[in-house]
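Paired with chain B in one complex and with chain C in the other, chain A is shared by the two complexes that follow.
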Partner chain A sequence: MFLHYVDLSWRSFKRTPMVSALMVFAIAIGIGVTMTSLSIYHMMTKDPIPNKSERLHHVQLQTMDDGEGYWSKDDVPFQVTYQDAINLQNGNFPYLRSAMYKAGFSVHLNSAQFKPFVQEVRLSSKDIFQMFDLQFIYGGTWTQQQQDDIAPVVVISKSINERLFKGVNSVGQSFYLDDIYVQVVGVIEDWHTPVKYYDPNNGSFNDPENIFMPFTMGAAYEITTAGNTNGWKHEPDNTFKELLASENLWWQFWVQLENAQEKEEFGQYLMSYMQQQQTLGRFNREQLTYNLFNVMELMDYRGVVKHDNQIMVALSFMFLAVCIANILSILLAKFLRRAPEVGVRRALGASKRQVFYQHLVEVTLLGLLGGVLGIILAQLGLWGVRASHGAYDALASMDVTMLFAAPAIAMVACIIAGLYPAWIVCKTAPAIYLKSQ
Partner chain B sequence: MSELKPILNALRRSKVGAILLLLQIAITTAVVSNSAFIISEKMTYLNQATGFVEKDIFTFQMMHFGNDVNYMRQAELDESTLREIPGVIDAVIVNAVPLSGGGSSSTYRLQPTGQKSKGLNASIFEADSHFLNSVGVQLVEGRNFTDSEVVVSNDYAQYPTVGIITQALSEELFPDGDALGNTIYRGDNPVKIIGITDVMKGPWLKLDRRDWSVIVPFVMADKLTQFIVRTQPGERAQVMQQVEQHMLSSNRQRVVENIRGFEDLKAEYVSPDKLTMRMLMVMIVVLVLITALGIFGLTLFNINKRTKQIGTRRALGARKSDIVRYFLIENSVISTFGLVTGSVLAVLMAQQLMKHYSLAQLPLPFIITTAVSVLVISLLAVIGPAKRAANISPSIATRTI
Partner chain C sequence: MLTMNNINKVYQTDMVQTHALRDFNLQVEEGEFIAVTGPSGSGKTTFLNIAGMLETFTNGQYLLDGVDVGSLNDNQRADLRNQKIGFIFQGFNLIPDLNLFENIEVPLRYRGIKATERKRRVMERLEQVGLASRAKHLPQQLSGGQQQRVAIARALAGEPRFLLADEPTGNLDSLMARQVMELLEQINRDGATIVMVTHDPELARRAPRNIQVVDGQLADFTLYQGNPAVAVGA
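Here is the complex of A and B:
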């Protein structure tokens, strides 16, 4: 029966090709516009690390004295101080953790043939690779021993390995970061993430770093941050030593907590840590607070999705509504004109339900056609977006979810548009139309 | 107007079609007027005057490596090398580049800390006396730094106590116009105002502080240095090509990167907004088109449905112009209701946008212009089918009944 309805739909389509094409076109345009903005929105909001986002937690401490303000919603600073980062990194708890920040270096081989280039380097603990699911191609992370001994070792990404060592297994090879002669201990796959959720402080859509080194190098080699430093206290911070001892905020801290209980325990740990710091004269405030957000909570908190994108999604759904109203009125006219034919079918024994069902099949097919055409239009739109704004390269694309969502939304839209016309036409009393013929 | 009554009667009989058309027109009006407003806001933002001759200025960064560099001496050397390149008007080392989206800022107050006073967050440019000439910005009052005022040092204890501020900042802090010679404070550090510049945008075009900047005669060269270079008109491309070679010839242990024209810096900074603007433009054009097509299609269908009636009217003596007028009036009636509904919807929508996205209030002219345009487009969409209806021969009526 279903195939018969499909056949009937096709005949109906052929009988009024112009009008049908107009409807397909209308829904395709609607889907094209909606999917263009929705795809970008989807890429911005989707879970960047689905199998771990629940467990990875970002630590924020309210270090500022009472009366000081910050520009976050809850006045808690986005980053942590060097002291807190190091104390937590060395804290006595059994969870994977990493204090981190980024720095800028000239990468070179100290030879005239090789043209130096600038790279951002992430200073982190050895846990970062396991925590953030970074896959090793060669070698592995540095050891705890190397981390504690401030060994000049690095893990590099595949693309840096291509550039420096032509893609061969470079474990054991060395190169220069400024004047630091570093040795490669591991090569990882490039870190692809549409949203730089682990450090959105300099732009949520920046590219991840390609070189990683032990955070202990930071203090030893006086490596300054290439990210933001936020200060709130008037205190000496002209030398690197003073900076390390100051309340300046320039580190990030991540910890992996497996379940609610661990989160609870870690929260208690943070509270007692802050109380202990109070005895040392820091955290001069009545109420001690901290934020311990997982990945999705942090993305929401930091407002990764821009207002413009939210407005675009809302407007494009209104656009789709106009398209639906458009199709609805055309369908109504089209179906009513077919009432005599329906009258005959009803007289020959077709039930209301069958007539209703038949017409819904027809509009669903319209939706399917429009949805497929809409995907093509959306690809065109996304291409335009990428051409217009380079930073959205990774964002302006459709993943599998969106590819399936497009025809689904189109079909639902068409069914919404078709319900009323199909209902009207199936109510047709056969007698009237039989009489008039 | 005697036609109005039969038209309303006819509409009452086919309510659904009319309501759908009304809804389309309403939503279109609401979406288009709000989008047009957002577009115009974005355009003002994108086209704001920066105060620079962007096409003649470029910037680049240099990252040093190698231990044996005296950054300070190297900086002086680099500046004079740059200034001697043919075609270069002036060049300067600076802590932050205008329009780039990166820099430093601090709050400047009328009184030192401890005393309550008016304060504003302003961008800070640290450079020597060549800064103004390098960005091509004029002083409107006061004077430039003298060489003895410029501090070249790594030691913040020697931080200068004079500064030049932008006119916008002087007007905000000193509404009485007595900024020149007065002193403002960054924490406890005083800055005596010796000059006031013309319009000059800071590093962040989006933020409140875009027009509020303080220029301080302090040069601190470090591992990473940033330069601004202004060239003779038309010579920039050539200078930009040579600059890496010139810099590396005096010292190879560094990387020259991000050689960018000022207009490119601005273009990159504003590109998300430009993108939104373009998307909105495409959307309203297509939306209006779709609505027009819908009106066109619906009128065609109605005419087909009413062929007999039109024939009868014609047979009873109605002129062609009467038929055209019938459809035009019918459409105007629906459109008017749609536009009224749409205007209300537009205002409601604007309120939501204001509430959630800190947009400015939607000005009335945007709604009115949109409403009039939608009405015109809607009438244009009807004229074609209506003329076709007028051509229906009176004989149709007699033939089929």
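Here is the complex of A and C:
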């Protein structure tokens, strides 16, 4: 019977092609708009690193003296100082960790033929690749020795490798970052993540860096940050030496903790570290606190998904509701015009339920068509978002979940629109239409 | 087979109440062929629709094969209708999107009959009404008479024991009308009970029993055949 209903629905479309096309188009536009905003929202909120998000933890320390305030919701600064980053990096605990910050460099080969370009570079520990699941194509990370010895080595991404070395195995090759002559030790796959969760301090949706170098280079070469620096204390910070010794906050620190016990132990480590720092005259406060958020907790804490985005999604659903209302009235007119036929079917033995079911199949099919067309419109919409907002590149795309969600939402929408008309047409007394011709 | 006791049907529209049937009493026996006549608006179609359970009645009692129809729900009525009753409507009421074959197939589908069996029965009916070669045609490609024959074939497809026909010849010329009448008579001989509404006195006269509906009430003319003058006089 189901296939028969599908067949009947198809004939019904063909009988009123314009009206049917109009309805499909209405639902497609509604779905297109909804899916555009929902896809962006979905990419913003979905777990950017599902395998590790529970284990990767971001460290925040309450370094400010009592009485000082920060604009985070719990007053704890988002970033850490150079001193804390280095102390924790060198801390005596068995977990993978990385102090990190980003810098900007001009990349060149010191030859007239090669046009220099500007790149963001992440200074980090050698653990970053293992921690964040970055896959090596050639070579590997720098060694602990190289990190300690401040060796000018880098790991570059596939796309930089294309640009500098035409994609060949470039391990051992060198190039310039400004005046620093660096040697490639590894090439990784490009780091794709819709949300830059590991450093949301300068735009949560910026692209990840393509070049990585040992964090020890930072102090040695006096590499300034290309990200935010936050200060709360009046103290000299004009020279790089002063900056390193200051309470200025410009580093991020991540640690990989496998389970609750490790998290507990690391929390204790942080407390005792801060107490030890107090003896050195820092952390002048009654209450010592820290934040140790995993990836999803951090995204939530940082408000990566802005309230605006939620409003956008709500608005687009309202727009969909308007489309549904339109479809509802068209369906009502269409179904009522068919009431005489329904009367005949009822007289020939169809129950109300069968009539109702037949009409629901028809609207569901309508939804399916609208949903598929809606996906195409949503792709256009997302393309528009990508074209006008470069930073949304990785966000403005549909993943499989959304691809399947679109027709599902469209069908549900059409069923909602069709329930009332289908009910009206099936409850109408069949006899009315059979009285005369 | 059918018993109606004091059936009343009141239509309530806006301010107007129409008493379409008042204290309507009728007994129909298995195998009867009854012609129903009466002025326009007297309640003939209303009676037929109630008999076919397409419409509910305001009060009274209606028994079909001993089953109290008033106590059935919509699904049960649909089943009973599908099993026992064939309809031939005042208009032909073929479904325009469906070809002849599919139109005749409709009641069989609702009965859940398998495709091969459906096909056999539909073709049998199409042959019976002489339209087998037109199975793939759409209703609008047929003449009025042909459409009515399809409507009859559809009514018969489910092999109903009870055939309700509302002016089955109303739209046909007299030759066609006679052919349809002959078809109905044959179906009656094959065992079906038929109640047929008609305006045509000549056709009515061919039916063994005539009843007349006047102003929602029944005037029974069982002896009509032997005494035509009475019918005209009434």
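Here are a few things to note about the model shown:
Keep in mind that, in the parts below, the second predicted complex is superposed on the first by the 420 of 437 C-alpha atoms of A that agree within 3 Å, B and C clash if a C-alpha of one lies under 4 Å from a C-alpha of the other, contacts with A are read in each partner's own complex, and residues count from 1 in each chain.
Following the convention adopted for this analysis, a residue touches a chain if its C-beta (ideal position, glycine included) is under 8 Å from a C-beta of that chain, and two chains touch if they have at least 3 such contacts.
This one's a predicted model, so the numbers in the text were calculated from it and none came from an experiment.
In the superposed model, A:Asn326 makes contact with chain B only, not with chain C. Legend: residue contacts after superposition of the two complexes on their common chain; A:His389 is shown touching chain B, with no touch to chain C. Applying the stated contact rule after C-alpha superposition, one finds that A:Leu315 touches chain B and leaves chain C untouched. Once the two complexes are laid over each other on the shared chain, residue contacts for A:Val118 go to chain B alone; chain C is not touched.
Within the superposed three-chain model, A:Asp207 lies out of touch with both chain B and chain C [touch as defined at top].
Once the two complexes are laid over each other on the shared chain, residue contacts for A:Glu54 go to neither chain B nor chain C. By the touch criterion stated above, A:Tyr176 is placed in contact with chain B alone, chain C being left untouched. Against chain A, the residues of chain C that register as touching in their complex are 45-46, 49, 52, 54-56, 74-75, 78-79, 81-83, 87, 89-98, 106-107, 109-111, 154, 158, 166, 171. Only residues 16-17, 20-21, 23-24, 27-28, 30-31, 34-35, 38, 63-67, 113, 155-157, 187-188, 223-224, 252, 254-255, 257, 268, 271-276, 278-280, 282-283, 286-287, 290-291, 293-294, 297-298, 301-302, 304-305, 353, 356-358 of chain B touch chain A when the two sit together in their complex. Residues of chain A touching chain C in their complex: 1, 4, 8, 11-12, 15, 340-341, 343-354, 429-431, 434-437. Chain A contributes residues 19, 22, 26, 29-30, 33, 36-37, 104-106, 108, 112, 116-118, 176, 178-179, 234, 238, 306-308, 310-312, 315-316, 318-319, 321-323, 325-326, 328-330, 332-334, 336-337, 381, 384-385, 388-392, 420 to its touches with chain B in the complex.
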